[in-house]
Amino acid sequence: MTRISLTFGLGLATALAAGWFAFPYALYVRRAEPLDFRHKAHAEKSGVSQCTDCHALRDDGSFAGIPQADVCAPCHNESMGKRNWLVNFRQPANVWFSHAIHMRRAKLDCATCHGPYGESAQPVAYQQDRISGYSRQVMDMNTCEKCHRERKVEVGCLGCHK
Amino acid sequence: MELTRRDLLTWGGGATAGLLLTPLPWKVLDDTSKWTQNWPWIPQPSRAPIEVKRSFCTLCPNGCDLRVRVASGTPVGVSPGPQSALCPLAFGAHQLNWHPGRLRQVSHLGKAASWNDALAAFRKAAVEGPIAVVDAYPRRAGSSVMENFARRQGGTYCIILSAEERSLAPYAAWSGAPVTSLGYDFEHARTILSFGAPLLDGWGAPGRVPRLWSTGALKLIQVEPSLSRTANAAWRWIQVPSGSEAALAAGLARVLLEEHISPARAPLPPTTVAEAAAQTGIAEETIRELARTLAAHGPAVAIAADGDPAVAVLNFAVGSIGARGGIVRRREGGPSYLTADNLNGHFRAVLIDATVPWDFAPQADAEVFRFAAWNGGGSRAHWLLPAPGFLEELTDVPTAPGSAVDTYAIAANLSTPPADVRSPAGFLAQVDSALPSVEDIIHARCRELFRTHTGALQGEETVPVSRFAAPERLEEALRTGSVWVAGPPRSGGLRCRFEQWPQPTAPRATADWTATWVPPVLPPLAVKLYRESSLREPPAGRSI
Amino acid sequence: MASGTWADIRWIPRGAERTSTGRFALWLAPWAALLALGVYAGWLCLYYGLNQTNMDNRFAFGLWIFLDLSIIALGAGAFFTGFLVYILRRTELKPILNTAVIVGFICYSGAVAVLMVDVGQPLRAWFTFVHPNVHSMLTEISFCITCYLIVLTMEYIPLILRNHELQKVPSFLILEHRMHNIVPVLAGVGTFLSFFHQGSLGGLYGVLRGRPFAFREGFSIWPSTFFLFVLSAIAAGPSFLMLIAAAVEKVTGRPVAKHELLRRLGFISGVLLAAYVAAKSIDTLIWLNVTSPSVGFAPWEYYQFAPFGKALLFVEIVIFGLLPALLLLYPRTAAKRGWLLTGAAMACGGILVNRLVLTVQTLALPTLAFDEFLRYFPSWQEFATFGGVIAYGVILYSLSYRYLPLFGDK
Amino acid sequence: MSARYGMVIDLDRCTGCGACMVACAAENNVPALPPKATDRTGITPMLVHKVSNGQEGAEFREAFIPVTCMQCEHETPCVAVCPQQAVQVDPATGIVMQMPQRCLGCRYCMTACPYHARYFNWWDPAWPPGMEKTLNPGVSVRMRGVVEKCNGCHARLHAAQEKAAAAGNREIDPRDYRPACAEACATGAIQFGNLADESDPVSQAAHSTNAFRLLERLGTEPKIFYTSDRPWVRQLAEPHPARGDKEVKHG
């Protein structure tokens, strides 16, 4: 009897270890950004206070995302060139997320979804799911739905998907 | 102690139980489904910002205005501009530049060659003898470069008439006015008597007659042996045996003149109403009643789709030549050109513009340099020269054939062309450095428009030319999608001499809406239309 | 007399007569080949997509759905026999029970396997359980069939464990006894689940308001086809078991089911079939005269397109409904084994015709005034995939028969 | 707030040019047909049918009926049957939304739709090399093995909403949201508007005497209306399996 419970427990333990620790490590591949950009340093040195100083909306309301080199130009005299950033928060192609609606209409501040990303002293490592290809930081649908439920903003599938 | 089978089983049981308490099975399940939603072999649309720009469709001489959505230097959507409606093909036109039939490489007799080879061969030909230049879309800046070249080289520049212009040819002959300066004043007509012209099916600018027809103000009478799209939708369809159209025209003319119900004065046609009725199989009374409708519900105009003088002459009796709502001569008009079918004499080489249809057969023994953006196959060209595709080059847009008023517009280039394409103008500039560039000609034309101070620019709103401070402003407005529109045609600006009632010519097949479409290929999405709907058969001679 | 390799022989039930290993392998070989072909065809559909089939936008359902519906109906014998034996205590049916369970398991697992090829995105099938749409018949089916398949597995396991070689493992012996005790409970659960999904399969088409040929009024959320399907399934189930038993006898040459048993099954089948025919006729009359006209469809116009003519309706209800019912019930014919089995076969045939009409004719018929009657013939991949399932069934049953005491051999 | 978007299609003004079909396919990133496809395995969220009055000779006439998703309002057949809520009627717009990423491709909704307005992706979407650059960024490409249909050019609705939000407005400007088919129609036969708004010309046209809907008696309350002055065309609204005079497709 004891022997049975022992072997059973052994199996249980192995599985738990594998599932909780080995698996997450194996699932994500870590990829380096082209440049280790530090938000905190920029906030302090350049006196940039608002996220929107660099991450702006275009006239048509669409979000400009990661700024082009010309935004860096005023401070950095050496050309920054064009870089292929790995965007931690980039949604998959079938998602339509309007920053304009969430910022201008819902009056959310960036940290609500992005957390203290703006104060990060070190660049956040980009971890990509080997199976789905998603970034580990990307907001998942449950989080969207939760917030929408709390604020009683009902939208259909195509309200957020395209 | 040694491991027994039981130990393994219990261990396995524990492991299974444990695994279910970890995220592993659930995460894998979730991830695999996400994987199916983002399969790596499925192309992803661009994430670049979309800009809405204005330009004009140059795939046929009608030059409809476009609103084009552009993402990172590539059109990703085509919509009609405020002035026009578009043909079905235009909505897929932005995909044409990547059509498998796209020409990307100079070839000589089917073998890959370079632009330098082509230049060398063309220079040699230019030295050795006269060169004929064929163009199907005259009066563009690019066209006048070709025209200039031909003149300076001692060759000939000739054009191919569009379907609309062919139908106007008789009046040009009778009036001496160049056919490119004539047009139909449909906008003021109340009745159109069409002898086989596919007015609702791509004859002229796609939006022009259909829009007038859809308001219900226009009575459309279609004379045709079989039920075409236009006949089907027309106010009346007059079914006549093929070849008897002229007889009907004569019969109608006779009634109009005998009964003095039209202002026109002309000698009676030889054909009597009875004879017309006999030939067309239409009751005399129907012919009379039809003629009275023309007179009562004017302004009316008759269209001879294939330019048969014996039909065109009916407009004398209707009194619609040079009249409001009839056949008019535009203010500016255009020069008269030699047409390709009247081209004779020996030529060392023929330069064919990309707008020329592929069924055009040049003179046999000449060396043929053919520009084209897409390969129509089976051409007798020695040299195939890749030309810019849809919205890949800056060009100006002259008046559409058959239009009642002069217009001028500039089609901005919105798509980045492949590395190795050249326009004929660019090519000729390398042969004869004295030729003006397309840019120069466009500047000059804008200055000219500014100088004349007539007409207005139609864009989001209409602005008279006189309001512009400088030619640069005018040109800027034109380059951002505005259309210059001249004043209305002078009434009586067209005088035709009546000689005698012409003999009917053999009827020619009337072309449908793909007739003036320049590319020999169709947008893949239009091919869907052909295959999945029962709307129409694929047009002949176009590789879909 | 049992003769074969030592390794093979020791798994065979003690004292049971089984053919030699060689002959058994010979029997399995062609079926294994068919199974392999089926697996290949299924792989083609999964890898290249359903363009491998001849289904299209109008024939969104094809051969697979038709046969799924059919074999699930035929597999109804499993739950119904269990119901009769354990709930109604008709112990005389016990000898056929094991076969019933295995046949049921084969039908259901086979159907599910084909469904996984039939859907375009099998890796998303589990969404149904996370985001279920409670109004959909398909949701009900997915849940019930999944659960019932588990039930069938739990009924099947003790059978396997009864193999005396396996019983050498003590824990297996215990497990077998434990599970054997809960089998009556399972039978009850199975009955409940089966009743619902058999019905839902009927509801699948009955609720299609947009397809007046299939649409039926009903009671609360269930269209009449819901009940007709239950009835027809439990009517055909026993008949199918009769056929299986007869087939086993033919193949093995050993009497496995007494004629008395077959007659019993035949009687049950016949009674239910008669009831079904009556209900079906009434339903058809109501539909022809009330339901269909009310949405503007002149009913007889459905039947103007060959081969789905009025004749087919007659064939379905009379030739393959009423007639077999009589054959199974009328003592003189029921007494004769040949007639009895003919009746059973026709009863099963009737189910096939009914499912065919509902699945294929519904889709073939035009709904809009300007669309047309369309035809469809399955591609070889569709046939092969299903052939694979049949082969899988034969193989699984053969193995079970050879190594397990299905008919209570000593 | 909550709109009821619908269309009124004047069949007497449809010349059957097919521009709506091409514009729709281009807007929604519908792939060109693979060579092996039949005309029944492609995607045509907007499909124009050619019908005739069945007369002979000079009396023979044709009409063209653009058929797309009818956006059924009541007992929407496809919504009821989908096992995993991949289809729903958007409460805010009344548009029946098909969600390809949720769909498992069981095709039950296709059997449920009386208008055959739903299409299955039988093929992997593919374009000639480079042509994928022309895809509309507002619409994601559907993968093989899922059902799709007219989603009311939702990309244009998104753009309009974003524009409104950026300008600080709650409601979109109606001029910013017009589906590709309506925009493409040269004769203005296809009119798109808000049926919930009585002042909208479209909702007025929907109540005109010559307005009708296809298979109205099924009781699914479609939001696509048709109008025609020709009685024989209006008859086509009624189910009538006996009429076989739809031209047999070629290819």
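Letters A, B, C and D name the chains as they come in the text, with residue numbers starting at 1 for each one.
Convention: a residue touches a chain if its C-beta (ideal position, glycine included) is under 8 Å from a C-beta of that chain, and two chains touch if they have at least 3 such contacts.
Please read these numbers as outputs of a predicted model, since none were measured by experiment.
Of all chains in the assembly, those touching subunit A and also subunit B are D. Counting C-beta pairs in contact across B-C and across A-D shows that the higher total falls to A-D. The geometric centre of subunit B is 62 Å away from that of subunit C, both derived from CA atoms. Look at where the CA atoms of subunit A average out and do the same for subunit D: the two points lie 37 Å apart.
Centroid to centroid, with C-alpha atoms defining each point, subunit A and subunit C lie 50 Å apart. Centroid to centroid, with C-alpha atoms defining each point, subunit B and subunit D lie 29 Å apart.
Residue positions of subunit D touching 2 or more other chains: 37, 40, 42, 49, 86, 101-102, 124, 138-141, 143, 145, 246, 248. Those residues of subunit A in touch with two or more other chains are numbered 60, 62, 93-94. Multi-chain contact residues of subunit C (touching two or more other chains) are listed as 121, 124, 127. The touch graph of the protein chains shown belongs to none of the named shapes. If you check each pair of chains against the touch rule, the ones that pass are A-B, A-D, B-C, B-D, C-D.
Residue ranges of subunit B in contact with subunit C, taken from their complex: 5-6, 9, 29, 32-33, 35-36.
Every residue of subunit A that touches subunit D in the complex is listed here, in rising order: 57, 59-62, 93-94, 96, 98, 100-101, 104-105, 154-159, 161-162. For subunit D in complex with subunit C, the touching residues are 34, 36-38, 40-42, 49, 51, 65, 67, 75, 77, 80-86, 102-108, 110-116, 118-124, 143-147, 214-215, 217-220, 235-246, 248. Taken in their complex, subunit B has these residues touching subunit D: 36-37, 39, 41-48, 50, 69, 71, 74-80, 85-92, 94-95, 97-100, 200-202, 206-207, 210-211, 213-214, 227, 229, 232-233, 237, 239, 513, 523-537.
By the touch criterion stated above, subunit D contacts subunit A in their complex at residues 86, 88, 90-93, 95, 97, 99-102, 138-141, 151, 154-155, 158-159, 161-168, 170.
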